[in-house]
Every structure is written in structure tokens, then in C-alpha cells.
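In what follows, subunit A forms one complex with subunit B and a second complex with subunit C.
Moving on to the complex of A and B:
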């Protein structure tokens, strides 16, 4: 803003993003929680399944956050319990984005029958509240991690289809697409080299928002008992396990609650910050 | 016989006239609505395939799921025959769908009570909770959204927006646990942590058990709607008709309430429909946290007990409810938008949905910008 008009600078979108406070804050928060979850297991004083104390035992030098419902060390479990949420939410959001974008582009590009069919099927899946669809499928197919990841992606994909189709519809009639068609480029090239780059920004913002939703969904599923099986540690699962001891040993619930909340908040701030900055850039250039 | 002489050739213009009169009287949006209704029925049909397929046709064998992995083979065979699982799938589906349409959702495997009977009480409880959330969240979102839009970029606006991000990002069940921590354990201990309703009384007569679940759900769903209303209202106030009204000297108060607000609230109709969908999903977790005896809690228990008829019944009712709400939102949007109401041909199946979804997701209006 305060930079003199004479210094002509090549625009660097990444720098523009990092200049926004919200983006920086969201990025730092997300990276910190991810680092905590991924590196945490290395620093855990005990194995997450070791019984080292009494039920809801008080904090000690050995266990700074006390003990949980059957005497695990809470601090070790908090350190070990983040990996599953982190990788599962990331993978399912990326899967939903990839599959949804492919279908959405196909719908926008093919028009008519194919388009109508795809949109109509998104209607079918959007009638299921996300969590209920996932519960329905997971309860029947089993609780393996990859099934949960896939079904969460299936639940999120229709939204991506709608979004990418909508944006792509505005692009497919642009001159540069028509020019590419007239030059006889193959369809795949037009889709991936011409159309995809010009709709990528809103899709990446949506990836961040889906990540927030996925964190809520997966930790909620773990809380309900779908996900990591009980003796192992998981933030969502820990909340449920130690709920009964909330009065005696609040740290066993508060630790995982805080981490889930910070992770969701970080990804959301990051996504929306990026969305805000990019739309500001767009406004400036148009 | 004499009447025949003034037969068809006289009747035809008459018929034509009646048809034209009918068309003139029938609302212009009717063909769109009939198409939309048929499409909705189709969606419900496919949903019933999915619900039936997910519970009975997937590779997992319901009989084995009910009896557990250690059950001997011949018991499983007997149960399969009793449940009719040895018949062709199409027959099973037709049979099941016929029963559902005639209102018979089957018997709960776990408690041997008719599913419809089991669901009725739980459904009433969930409806009470949903209405309570709606009564809190919708007015809050509308009033606060308009208020923020009128004071946009002020300190108040920015403060509310940044604190609202907290409730939007943090998962609903985490908000619920935090509320329990604050209000029913260490800090205040004034509200019950578990909603152990007295089954003899209707839920609305026991408001102390409704407060925390309502607050949890309202806090997590109101934020999206709030931002939608704010963005939509800002857009309305920036529009040309508001400028034109200002130039004509229309008082500002009248501009806000008579010109801007009615237009700004159109996307909120689709927003409310989207809120309900999120609410139904979130209610499962909220009901489990507070042990609230509603449909979500029952679904969770049914899945744990592998009670297939109960799972089918609940999922079917909830999804059909969402389809009906979406249909109603589309119809209300058309009826309240003069441009759509009088259009001879409405091209979108769900008018305004794209814009509303964009406002909902990002707080920004739908714009095709390249």
C-alpha cells in the first residue's frame, strides 16, 4: 500500500498471501498442530497403551497431564493421538477435491445429458447429511481407515462437483478455450492445461474449507467409536473415553479438545484468508 | 342425435378456449414446479436404492452381522431364510419398498418393537430440539447479519466476524464438550450435562435439558447463515436500485426495510435449507454428547446394535426430510422472486442455489470472474 508507485514490482502471489495477517496466523497454527501430531509420538515418554498410573490419577512429574480412565499417561496419548486425524482429513479432502473436480469439469464440458445426470446425482448425495451418509456406509462396510477416508471423500465430493462445474461453466465459453478448440488441441489438454489452471484458486480455497469440515467429521467419527480402535490413542476417541471423568481429570478431555479446535481453526483461517486475498487481487486486476 | 350436428367442429374452438383460459390462470412457474417435483421423487427413489443397498445388498451379510462372527453356519442360514435374504435382490427390494410406502418400516431386530412406533417418540424429541435451534439460530443470524451489514467494516462488525470464525471452524461436538465443561462441571455447574428426559412429559416441557444441546447446535449452524445474510445485505445496499431510491429521496429507513432487506433475504431461504441439512448431521453428535433421546442418538445405537430396519427407517426419514426441505426452499424462492415467478421458462432446477451456496461457503456472492 505504502510502496512508491515508481518501484515496479513483479507480482508474486505467494508474497501477497503471506503479507495478510490472517493467512500467516492460519498457516502457523495449522503447521504447528500438524508438526505436533506428526512429531509428537517421537517425544512421548510412554507408549500410548502403557498403564502407568491409577484411574484418573493426578498429574505427576512422570505424567504432566495426569492419567486417564484406565491409567494411561494423558500427555503421551495426546502426543500420539493426532497422526490419524491429520492424515485422514488431509487425504479425504484431497480425494474429494480430485474426484469432484474431475466430475465437475466433465459436466461443464460435456453439457446436456451427461451434465444433467451428474448434477442430478449430486442432488441425491446432498440429501444425506454428511455424517449420516458416512455412518451408514462405514457401519456396513467396516471401520478400516481407508474405508472411512473414502466415504468422507464421497460425502464431500458432490459439493466440489457443484462448485467446479459452476466455475467451469463460466470459463468454457471464454475466447481462450474457443481458440484452443479451434486450434484442434485434444480435449484432455484443453481441460487440464487451459481450463483447470484458471479455476484452481477457488478450488484450493475450497480444499482448505473441506479440510476444516473433515477434521470435524473424522474427530466426530472417532468420538463415536469409528476410526482408531480403543486401546490406541486418538484425540476424538480420548474425548469420549474420558468424558465421564471430566470433573476429576479435565485435562484428559481438554487436551484433545484444544488440539482439534486449534487445527480446525488454523485450516479455516488459512483457507478463508487465502480466499479473501485472492479475490482482492482479482478485483484489482479487473 | 341433433346434438351431434353441432359436434366436434364446434366443440374444438371451445376446448381451445378453455385450455387457453386454464393456461392463463395457471401460474407460469407450474411446469417448472412439476418438473422439479418429479425430479425430487426420482431422487427419493434413488435414495431408497442406496439405503436398501447399503444395508442389505453390500458384500457384508446382514445375518452374519446380526449374529456375530462366531455364529454357526446353520443358524445363519436359518436367519437368512427368516429375513428373506435368500431371495433375489430385486424381489427383496420391491417387497421392502412396498412395505415402506404402506407405512410399515418393519420391526426393530434389537427390541422387536415396530420401527415406526420406536421412532415416533424419538422423532418428536428431535423435532423439538430442531425447532428450538431454529428459533434461536435463524432470528439471531438474520438480525445480526443485517445489523453487521449496515455497520460494515466498523469495529463492531470486525469484532463479531472474527469471533464468529471460532464457532464456524471448531467442530460442533467440540463446542458441545466445551459447553459441558463450562456450564455443567467445574466452572458453573448450573445445567445438566446429560439430557435425561422424563419420557412421560413432552420435551418442550423440560427446557432445562434442551438448553445445552440447543446452544451447541445453534452456535455451530448460525454462523454460516449469519455470514450469508451479512454478505447478501451488503450486496443489496450496494445495488443500483438502492442508489436510485436514495437519489429519489426515499428515506433511508424505508430503503433498508422495504427495498434492501426483502431482496437480501432471498438467498437466506436456500441458506435455511442448507442449515437444516447440516443441523441433521450435527444433531447426531450433539444428541450423543448430551444423551438426548432423539433420532440421532437412536441411529447411533441402532448402528452399534446392527439393527437394520431401524437404521433404514431413520436414514430414510431424515433424507426424505432434506429432499422436502430443499424442494420447499426452491418453491419459496421462485414465489418470492417476481422475475422467476412470472418467467415462462425457469432454466435452473434450484434457482439461486449457486449464489446462496457461494455466500454460505465463503461469505462472497457468486460471480463468474476470470
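Moving on to the complex of A and C:
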């Protein structure tokens, strides 16, 4: 059977994504903030813990954003204080996604007992407010970075389980999965090669949204004093440290606030944009 | 039996059994059918052109007339533009498309010049539409009465509730629904598929429209229900003097119903003719090909596939769109678009090679192979299978056997349990149990409990080729994985085998790198068959594998299966289509409500059915051959009295 020469453009999902303005905007914003956080420490004029001025000292040539509550250079601390937020939010979101997806897939595929057990546990976890759960664990186990990252991941994972199980339920009944089952392919292959690729897109969108939540939660934890310990620089922590001097030296609060807001906005725009574009693609092809 | 051309006298029969409605239609038959001319036409379409984004034509230059009381069949395969034309008759095109040219006049009103608000008043009142699938058209949360009252409330607000109800009950009686107030209180899910479709008909007829557009309204129904609904449509159109346009991909169904046929191909009319003329002497090569590709319940035919596939909008060739697939094409065909020319009294066709003789002929194949029971054991011996769907038992003690190299068809209407049976045998029988022997050894109904050696010998092909292939894997991935799963070969050898198997199902080896979304339905089904073949099966279980495909594509798939069977493969073929059974199977098992009601050699069962149910199935299956014209069949000899 001969095929007619196809004049259709081969769909390139990446190009389609970049064509959407929201996606481009979100991507640029996120990359800029991440670059600022990662490269910032290299350009800081002072070490974040150096005492170089007076309490809430005004901006000067040496310190463009002024000084904070004990005389650190605010500009240096802003440059240095992003790394922790960026890596911690990224790692916790990825961890939550990986663990949640694995459990969700398993639940959808195995059904019956396994499904019931997993769903029961996620429901119990979901009943706990995220922040309370994290506060509880952190105040019991300490405020090491990796504990904070793990607990945030644990707080987010149940949502991922629900989501991935829900989407996977629509895929596991598809005939190509039954065909694989009938061929007797190994179960791991069916889960990760047959089913996972079909549910990946919405999960990646969810990753972006979780990233936004994680930024908010980590900043919030730092603000409440359960995150990064002083005197280390951290955007969330800086807000708390300098809130007393908000009227005298607003830059010490609004600098970190602005960066946190931009990062959250960027990741959220990116995730929502990708979600919109892909759902439109699916609409077109089916 | 010698080869018989399409113009054999058998087809020259003009009187069709339309039941009581013939008289009404007879009045209309006096005037000239679809050939555009009459000013008295109820519906008149002129030069209709519909484009999608990018200025690509979906429908080009379509003109036809329908007189009051007549039914015109709009026939074409997927992508032919038939649904686009049908919705244009309501002044509507789907999102992204645009009517760029043409006139559509219904009872003297030019629909396309009306503003949207006036158009809304016209829809339903002047032009009614009956949709394909009642299950999705009726709102599951609204009672039947609410559906009906709504139509009248919108279009005839002056009527009181009592009067409305009287009208509704009147039309219910006409469409063959119980004319009782109690029935109006039911919800759609409490009705059978046939009743739901009758509700849609009632919605369409209650306003006594001038024109009614029926978009494949019987595809979702079983043959028996379909036959009854068709009769109802016929009677109603005659009684009310409504002009009707019946859209369908199925020529056999059209034949039971319409007065005139318009054949669409690639968005153009290729042939327009009165029903009898079209079936007696189709003029256009495409019409001839369609007729030759339809399997018939009354006669075993050598199905002839039309080579190639229908072009999608945007890829249609210059000149005659059918030329690349036409055995009669000449150089001129690629240069100019043929216009409709008069062939017979009322028959027109758009072809430059009309004199070159039929491009496809209907040729009967020899009788089904005589069933010879080998002395040895059967390949597959189903002693008994029971299956449950929740609490309900869907298979009751079903037994059948299948010899090596044999094709056994399992036939039944929806709900007969035929798919459950096929799935259980394929190893997806989660809720089934029974005693099955394969090559003399016990066979589990769960694939995982079978040995790899048995698993690769029994392969299953799904009904829907759009869901059977993983959309994220290339054709090559799918095939190579299957090879390497069952056979210890390296990647290069697996790829070589995958290429070889693609050649066996007539696909290009370059398709190895294609994703399923780049393939047409027929190509996907071939890939699915290729996936089964690459496992070197002994037994192929096919579950309605052609029901999602167009007629001409179905013919190519059936031809392929026949070829495989000739190569020694055993096939268990599940279907609801008795025409396909006749074309393919050696023996047939008829299932009803999970029980075997009859089994035997195909010719025996279809020509001399014992069970009343089988007889009813055969009688209701649409056929292109007149009952009176069918040759006498040899008497049935009972061979299975064991």
C-alpha cells in the first residue's frame, strides 16, 4: 500500500510550547530568577554575614539596598539568599513527583487491595494541612535542610498520588495495556514503558505547580523560623528578620519578597502555560 | 460458477420492498430525482463549497435537489465530506470551517443568507437533524418528556402543556414508541438503544419539518433494531411528505431505505443516481469499487479491496481525486477535474473514463471450504466456559472447537457475550472460568498463567485500532519489543523480522519509525495484525476488527486474513456482521444472551438456519441481492450430530 506524500508538518511539541506567549514569559522569568540565585553569590560585594554598616543603615554606593537589622549588606544577602530556596523547592517537588507517581501508578494498575491501601493512606495524609504537618515534623526532628526537603516532599506526595492514579486509571483500561498484559510483558515494563509516557504531560504540569507551592512553603517556613537558621542568608528568613524595620528600610523586606514572588509567578505561568498548550494539542488530535 | 459482472440481470430488478411506504414515495418518484433541475424541489443545494483554515476545500462544488417525500442517501467513506454537507444543510459548519460558496434553499428559503437568530428558528422547525448516537445526544439527567416538551416550548410557545403532550403522544405513536404519559417520565437509560433512537426521530418529526437530515442514525444499533428503525423512517417520510437526506457509509443500509443515492468522494459528488440504477449499473469506478468491496450475507464473494486510501483534505491530488486508486486512469485524469455528465436517464457520474468499462466487478468466490473433521484432536477445544459481569452471568456453558487452519466465526448482537468469550480465550478472562484445551493441554484463561510458548501461539486483535497501539511508541518499538519478548534474538534480527512482517501486511518498511497518530485507521489495524503475526501465532482471535473501518479498508483487511488463513493460520473471528462471516468463515457459532443457539458450516447456517434467532439475524442483515434473485442453495445436511 503506497502512502500519499504527507504535506503535514510533523508536530514538534517543544516548538508548539514556545509559540505560546505565556510559556515563553514564564520560562524567561523562571530562568532569570534561578540564574540570579545560583550566580548571585559570585557577584556579592560582601560575604552575607559581614557586618558592614549600622542597623537599618540607608543605601549608599557601597550598599545599594542599604543595611539590615544588624548591619549586613542587604544587596549581598539578596544575592546569596536564593540558592537555598531554589534547590530545596526543586528537590522537594521532584521527590514528591517521583514517589507520588510511582505509588499512583501502582494503585491504578494493581487495583483492589493495593489500590485501597494506597488511597486510604493518601486520604489520611491529605486530611492534614500541609504546613502543620511540616511544622510538626520539623519541630520534632530538627531543621536540617534535608529533613525540610523530605517533609515538604511528603506533604506534597499525596496530591501527586491522587492525580497520577486518576489519570492512569483512564490509561490502564486502554487496549494497548491489555495487549501488553496478554503478551506477558514484565509488570515493570508495562508500568514504566507503556503507561507512564501516556500520563507524563499532566504530571510535569503538576511539577511546575508544586514548585510554586514549595517556594511559598519554604519561604513561609523560613519566615516562621523553622527553615534556614540565621545568620545564613535566605529570602524567607530575611523577610522575618527585617520586618520590624519595614518603614525605615523597606528594601530589606521587599527585595526578597519581590524575588520570591517573581520565582513563584514564573514557575506557575510556565506550568499553567504548558498545561494549556498540551490540552489544546490533545483536543486537536482526538 | 463463472464470474459475473455488475451488470448481470439479477441487479436489474427495479421493485424494492419498501413496505407500505412505497405508495407515498411513488408520487415523488415521478419527478426527476437528484439531477438538479426542478424548481419545485424541497431542498436545493447549488455549488456548495466548504473550506477549513488555510483555504483547503473539504467540500467542493456540491449540487443536488431533493423533492418532497423522497429520501436521498449521501454515501461516502470517512473524510469524504458527507457529514460536512449534512451539517451545512442546517446552516452550520464545524468550528474552523467556513461555507465560502453556494446556496442552500429549503422550501424556498435561502439558509445561508439568514442571520444567526433566524437560522435558529429554522433549525428544528424547517430542517430537523437526527444524530448518530442517541446515547450521547439525549441528556441522561432529563426525562424523555422533558426532551420532547423542550422542543415544542422553543418552537411553538403558544401551545399549552396539555396540547404539547397530545402532540408528543401522537408523534410517539407514529415513531412506534408507547404513547403513554408514563413513558414520558422515563430517563434515557431506561430505554433500549432502538427506543432512544426513536425518541430522536420523534423530536425531529414533532414539528413537522420540511427537510430532515439523518446522520447515520442506525450505526449504533443491532441489525434487527436497525431494520425496524429504517422501516419507521421510511413510513414517516412518506406520510408527512418530508424530504430526507440520509448520510451513511454503508451502501447496504442505504439500499433498504433511499430513493436516490449520491456518492461522495474527496468532497465532490462522483455519482448521483436513482437507487436501482446505481446498484444495477454503477457508472463511476469508485461506486463500482464500493459495491464490490461489500461482503454480502447472501453470497460468498471474492472481496476486492480498492487499492490505496482516501485522501485527507489538503492532500487531495489535482485532477480526479480518485485517479491514483483507479485501475482505469489515464493521463488526462490527473489534469482535469471531471464534471458530472449524464449517463442514464437520471444517472450522472463524474468520470473521464466512463466508457472504459467497469473498474471493479462483483465476483462470487467459490463456496465455503467443505468442513472436513480431522481425525485428530482440535487445535482449540472449548468444553465449557462461564463468565460473569458483576453478579450477572454473561456466558452460560459455551462450547466450541476449532481445527488447525480453520476460521470459525462467533456471531451475535451486542450483549450476546461474544467479546467476553474472545477475551477469555485470549487470556483476559478475569471473571471467567471453564475448561479449555489447546493442542490437547489445559489452557488457562489468564495469560500470565500460560507458558510463554502458548502465549505467543495465541494472539488477539482488538476491535478499535485507535486504542490498541501505544500512542507513545513507534510502530518499530511495538513490533521489536514483541519479537524480543518471545524470541532470543538481537536487535538487528528483531528489526529485520519487524520489516518482514510489515511487508506481509502490505505496509512500507519506512513505517517502522512512524507513530500511530500518523497512520490511518486501516494502517493501524494492519500494524495491530503485524504485532500479532510477528509472534508467530497458530491461532488468531479477532474481535470485530473491521467494525471501526471503512468498507474498502475492511475489504483489504479481510483479504489479508483470508491469505493468512490459506497459509495455515487458524482464526477465531468475532463479529456482528453476517456479510463478513459469509466472506471469511468456514464455520459459524451463533451466540445469544451468552448461550450458543446454533453452530455449523457457514453456508448451512446462513442458508438454512435452524434457530429462529439465526433466521431473524439473516433476514434483517442488509443485503445487496434481492431475496427472490438468490440462487437455490443446496439443502442443509446435518453434520454435527455428535
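Keep this in mind: the second predicted complex is superposed on the first by the 279 of 286 C-alpha atoms of A that agree within 3 Å, B and C clash if a C-alpha of one lies under 4 Å from a C-alpha of the other, contacts with A are read in each partner's own complex, and residues count from 1 in each chain.
Simple rule for what comes next: contacts are C-beta pairs under 8 Å (C-beta built on N, C-alpha and C of every residue); 3 or more make two chains touch, one makes a residue touch a chain.
Note that the structure is predicted; figures quoted are calculated from it, not measured.
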Report for A:197: first if it touches subunit B alone, second if subunit C alone, otherwise both or neither. second
Go through the superposed model and pick first if A:174 touches only subunit B, second if only subunit C, both, or neither. both
Residues of subunit A touched: more by subunit B or subunit C? B
Mind working out whether A:184 is in touch with subunit B, subunit C, both or neither, as first, second, both or neither? second
So subunit A touches subunit B in one structure and subunit C in the other; where do those two contact lists coincide? 174, 198
Mind pulling up the subunit C residues that touch subunit A in the complex? 307-309, 311, 314-315, 317, 324, 426-428, 447-448, 450, 452, 455, 460, 462, 464, 467-473, 481-482, 485-486, 506-508, 511, 517-518, 523, 531, 535, 556
Under the stated contact criterion, what part of subunit B meets subunit A in this complex? 39, 42-43, 46-47, 50-51, 54-55, 58-60, 65, 165-166, 168-174, 177-178, 180-181, 185-186, 193, 277-278, 280-282, 284-285, 288, 299-300, 303-304, 306, 311, 315, 318-320, 322-323, 326, 349, 354, 357, 361-364, 366, 368-370
Touching residues (chain side subunit A, partner subunit C) in the complex: 1-8, 174-176, 178-185, 194, 197-198, 285
In their shared complex, at which residues does subunit A touch subunit B? 119-121, 123-124, 126-132, 135-137, 139-142, 159, 162-163, 166-167, 169-171, 174, 198, 205-206, 209, 212, 215-217, 219-220, 223-225, 239, 243, 246-247, 250, 253-254, 257, 260-261, 264-265, 267-269, 272, 275, 279, 282, 286
